[in-house]
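Pasting the structures here.
Same chain, two partners: subunit A is paired with subunit B first, then with subunit C.
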Partner chain A sequence: MTTAAEARKNAPLWVRLLLPKDAPLYQRGDAIFGWLLALPALLVLTIFLVIPFLMAFVMSFTNQRLVSPNPTEWVGMRNFERLLTIRAFTLEPERDESGAIVYDDDGSIAYPRLRNFTRKNPDYPELNGLREVTSWQAGENRTVILAADVVFLRALINTLIFAGVIAPLQGGCALLLALLLNQALPYINVFRAIYFAPVVVSMVVVSLLWRFIYDGQNGLLNTMLGIVTFGSFQPVDWLGNPYTAMPALIAMSAWQAVGFHMVIWLSGLQTIPTSLYEAAGLDGAGAWQKFRYVTWPGLRNTAVLVLIVIVIQAMGLFVQVDVMTRGGPLDATQSVVFQAVQRGYDKQDIAEGSAISVVLFVIVLVITIVNRYLTRDKD
Partner chain B sequence: MAAMTFETRQRLLISLRISLMILISAIFIFPIVFMIVSSLKPDLQLLRDSGSLLAFVPYGDISLNNYADAFERVPMAQFALNSIFTTAASVAASLLLNSLAAFSFAFLKWRGKALVLSLIIATFIVPFEVIAIPLLLVVNSLPWLGAGGIEIGWLNTYHVQIIPFIADSLGIFLFYQYFRDLPDELVEAARIDGANIWQIYARIIMPISGPILATVAILKFLGMWNAYIWPLMTIRSEELRPIMVGLQYFFQLNTAWGEIMAYLSIVTIPVLIFYLALQRAFIESIATSGIKG
Partner chain C sequence: MQRIYLLLLLVMLLLPASLASAQTELSLWYHGAGNETERSILIGIIDDFNASQSDYTVLLEEFPQESYNSSIVAAAAAGDLPDIIDVDGPVMPGWAWAGWMSPLNLSEGALDDFLPGAIGEWNGEVYSVGLWDAAVSIYARRSVLEANDIRIPTLEEPWTGEEFDAILETLQATGEFEYAFDPGMAWTGEWYPYAFSPFLQSFGGDMIDRSTYLTAEGALNGDAGLAFGNWWQSLFERGLAPGTSQDGADRETGFIDGKYALQWNGNWAGINTLDAVGDDLLFLPAPDFGSGSTIGAASWQFGISSSSMHKDGASAFIEFAIQDEYLAAFSDGIGLIPATAGSAAMSQHYSDGGALEVYFELSNQQALVRPVTPGYATLALIFEKALADISNGADVQDTLDAAVDEIDADIEDNMGYGFEM
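On to the complex of A and B.
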């Protein structure tokens, strides 16, 4: 009689490799079939997901281009430095010989030209090549924010604003819809289906359709606003105006996806036992108090989930920008992914596109870790 | 005024609620109604009507001319066939590959399983946008055994639109969750009866996996039919282009509104029909995909 351990030692190599230590030898069929059945899917995932993911990291430290006469070289952190360099710089007013502040013809304080500092000025090497992002007046001085890659910084800020605005907006509207539908009324499923319908429509189609709705001349939105205000509304070119373009994208995106999150809220609402509402009713709680003390505490995890899902989807903002505005007007709708695709694909600068992708991944990773932390089991 | 009875008040509240729900429905369907109605009108009327609520009324010179024109402008039938082919192939293959892998994870014992499974779940947080560009380099250097021998580079083919997507971690995870909740006795009993692993998969597990097959199929269907960035990057020639990318022909065409609406309708109506027919399954599938992780 041999022991299990001895039998294992005498077994062929593949058995020792694939069979779990605590499994009896007769299950070796499982071990090999297990691998064989999982292998096709694992191969596909490795080649088309894991390898490209690792490549994005590697290439972001090189100067690789799709087609290049020069060999690819390591450039260390240069791509990231270029993307993420931001400096604040204070401009002091021009002064005449007596030390008094010089004023422009229109009465505003005159400052030295920024480019005196950012064009190879040996006294300010850290400002070389930077460009202005924004500036504001502080006392008599002027504070200027400079960046190496102004367009990317704009894209990053826009994407964060997009995510930061759309998360409460879409999540909140979805909750209101869910509360409205969470009733035993006839035809509830019909309404649920209607509110959900835009989710199944492709974002490309939705974006193209909304280009007509937002049109400055014949757009439906202007028409409808004109009707409700009895013609006193002045038509707006929603996508052509830098102040309305981003809000227009946000509103449309929320419209498209709100049904999705409504369904998630609904399933959260259904986990709250009705006995809690009955008890609260017996204690004399009104509708608001029931929401505040029964519904909302029961939805805490759902709320985190909804917000995280919206934010992660929002960070991938691309199709709307690509179809509707191409980043314009005046970079008001640039987004991180749009920039990654523009540089990595259109300009074939793979290294820079990859670096942007890595920045995006790090942001998503941080959000996910925060999510895990917020929804961790308390015990 | 006499106080309303409890019942009258309740009834009033309910009708208020239903009116509100109908009003909100209008917000969600007006673009879709606008699209379909406009696709039937000639351009001039369409422009005139968009200045009023007539935009939503199918009246006047209604015809399918826009559809005919759109078919003439772009090889739409070819685009549609391409989309149907790539979508059907990826749905079928992904059902097979994902369920096989999940079956292995759920029912078979092998070394490294736990590690591999947690790696698969970890890949959930990689957005496709992050890997799109390096993926382009990968497919550009892969070999393919074609009619003319081995060729390098998958760009501009059918398989570049299909093979990268025939396995996905969400699909595997959804199958795995479903299988894990099935009673172990099913598999044990089959083993005692002498069934082999393939028989257990094909005869026992698959026949009772209808709901999860539908979920994974719907998610894959939507993802593939609506695919845009990837075919945009990889497909150059018209003969291989899917229907969603065909929309590009109309981007710069600011005059032919009717044709654009016709094309948008053709792209969207099949999905909407599917959706309305399988409404419950669609909503549940998509909701499940949001609750991963």
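On to the complex of A and C.
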């Protein structure tokens, strides 16, 4: 009879790699069976996730087109440079012949038009084709932040804002609902089902319905606000106004998926033993103290999960934008994935779309790592 | 026993081949799945063709319009294109450039009577031909114009730009309408370049410099482009037109319901509107902003795939399909403009005294195809975004400049799209 160590030594390499080091070799049958079970899922993941991602990664360094007879060429970092180039530039005020600063009709300092510098000006080759992102006054000069791809930058900022706002909003509302529904009341499951209903409805359908709700003239929201304020409310064109379009998308998205996270919170709540609450009650803890010192610590792992899921879903913001606003008005609702699809598919620039996907992947990866680090078990 | 199986297998393999040698199958992909009338007319043509000769059998496969183009792209990538391709006019150069389509091989003079917009030309060769064209006009009510002492324009003497603008102000000032003019901002996508670039062209600009097709500099962001952009923006600033957040339902029924005084709309909506509004309805030509009135042209057309093994058969089918009686049948069935004068005379709506007769001359005299370049798909999207942004208050010059930069960069990335750089 051979010992386990000898058997391991004689076993083929792949068996040695697959088995945990300390596992006796007679378990290798189990290991093979386990891999067999995982095989279909692995296959699907490889074909539809891993390979496309690797392809996107490779393509992001080429000029690959969707429709083109031209040969594909390596272009190095060009696609990323186009996406991410940002420069600061100082505009000096316009001066008349005596060197005095020229003022506008409304009394503010007049500056030369940016396009004098950014459009084919041989003196400023590094500014060619750049556009203004934002600017501010510093003394008599004006500092302008220029970017090669303003639309992508807007999309990136919008997506981060979307994720940053929706994570606490959706997570918080879901927790509130879960606490309300975590009671032994009659028909409580009916309410749970009602709050969960939007989750099972397709996002496309939800988006179409909310377009009616947000309609600028006679939408449900405007009508209701009009009734509540006895007609003194002026109708707002929610999706047509650059200032309200993004908040409108956030509110609607938070509503749609709140039921999903409510269910996760509920499952978390139900893992907390009631004996802890009883003990806390005996110690004289009030409702808030019970929440603060029993419920919240007990939900720690659930909170991490909910947060990561919401943020990752939020970074993939697409359907709402595609159906409701198509990125407008004035880029107020551009999102990273919408831009990736629009450029890669509609504008047939697969390479650029792939580059955006790679950038998004890196961002989500960083967010997840930071999240894991911040919420790590400190014990 | 095994031998018998082998024999059976051999027979099964050879049987279809031997059948095919008698009659060659030609596949035809069509974008109009879901439209029963359209389908029955097309099936009728195919049956007639199949019965008219014994060499070829055309087999129809239908796709919903939204996924048709992606099906073609996927089929091209897989080397599995049909023999006969259905293609939207402005997209055709892209597919021809990519090498997916072959020029048509029709007999001399087959297209002599055709409306210019129904003929798909690229690189000096005809790649596709349409059984119909589409056109756009201003929908108006005679009673409204007369009540406000507004001259009814004609094809020879359309409203001038200034006149049109003053009319919009007048109509808005009546207070009877939510908006004086509905350009159709709810119809995102191809409607923008198709319906709005003619205004730009009437100002003297264009989406791209058509003399070289290598840049949009000067054409889109020159003085004419700027004048157009400022006028376009002012439509929305002055509250004369509903903006990008227009409700899709309002777009469909707003003119009929009297919310809008004038509407910029296509011939395809003509019959329905006529049923609702009656004889009061007028179809008026586009205003002339200085460089003449133009409207967009080219709709869905038929062409041949380059990978087809039976190009002669495919050409024969297309030549068969473009007979006047079929053009008239499509026109009667789904309201499109028949592509020849002969078929227009046979048709219900476009013959002398027909309800939509005016559209045939509109198409004939004012139609200008959208830029004929493989870069059109991208160009159209950039143009759409620029117009949407301008209507929402973006700086006109900066927006047009940015659009030009993006168009030029795309052309450069594609090494001129086949034009001499």
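Criterion: the second predicted complex is superposed on the first by the 313 of 379 C-alpha atoms of A that agree within 3 Å, B and C clash if a C-alpha of one lies under 4 Å from a C-alpha of the other, contacts with A are read in each partner's own complex, and residues count from 1 in each chain.
In this text, a contact is a pair of C-beta atoms (placed from the backbone, for glycine too) under 8 Å apart; a residue touches a chain by one contact, two chains touch by 3 or more.
Computed from a predicted structure; not experimentally measured.
Of the two partner chains placed by the overlay, only subunit B lies in contact with A:Gly344; subunit C stays clear of it. Of the two partner chains placed by superposition, only subunit C is touched by A:Arg131; subunit B is not. Judged by the touch definition given at the top, the superposed model places A:Val205 against subunit B, while subunit C stays out of reach.
Once chain A of one complex is fitted onto chain A of the other, the partner contacts of A:Ile312 are limited to subunit B, with no touch recorded for subunit C. In the superposition on chain A, A:Leu220 contacts subunit B only, with no contact to subunit C. Of the two partner chains placed by the overlay, only subunit B lies in contact with A:Phe196; subunit C stays clear of it. After superposition on the shared chain, subunit A has more residues touched by B, the comparison being subunit B against subunit C. Look at A:Phe48: by the touch rule set out above, it reaches subunit B but stays clear of subunit C. Contacts of A:Leu365 after superposition: subunit B is touched, whereas subunit C is not reached. Touch criterion not met for A:Asp96: it reaches neither subunit B nor subunit C. In the superposition on chain A, subunit A positions 66 are in contact with subunit B in one complex as well as with subunit C in the other. Here subunit A touches subunit B in the complex through residues 17-21, 23, 27, 29-35, 37-38, 40-42, 44-45, 47-53, 55-56, 59, 66, 177, 180-181, 183, 185, 187, 189, 191-206, 208-210, 212-213, 218-220, 223, 227, 255, 259-261, 263-264, 267, 305, 309, 312, 315-316, 318-319, 323, 337, 340-341, 344-345, 350, 353-354, 357-358, 360-361, 364-365, 368, going by the rule given at the top.
By the touch criterion stated above, subunit A contacts subunit C in their complex at residues 63, 65-70, 113-115, 119, 129, 131-132, 150, 215-217, 237, 239-242, 326-331, 342, 346-349.
Residues 73, 76, 94-95, 97-99, 178, 188, 243-245, 247, 250, 374, 377-378, 381-382, 385, 388-389, 392-394, 397-398, 401-402, 405, 409-410, 413-415 of subunit C touch subunit A in their complex.
Residues 14, 17-18, 20-21, 24-25, 27-32, 34-35, 47, 50-53, 55, 97-98, 100-101, 103-105, 108-111, 113, 116, 120, 123, 125-139, 142, 163-169, 172, 197, 201, 222, 225-226, 228-229, 233, 244, 247, 250-251, 257, 260, 264, 267-268, 271-272, 275-276, 279-280, 282-283, 286-287, 290-291, 293 of subunit B touch subunit A in their complex.
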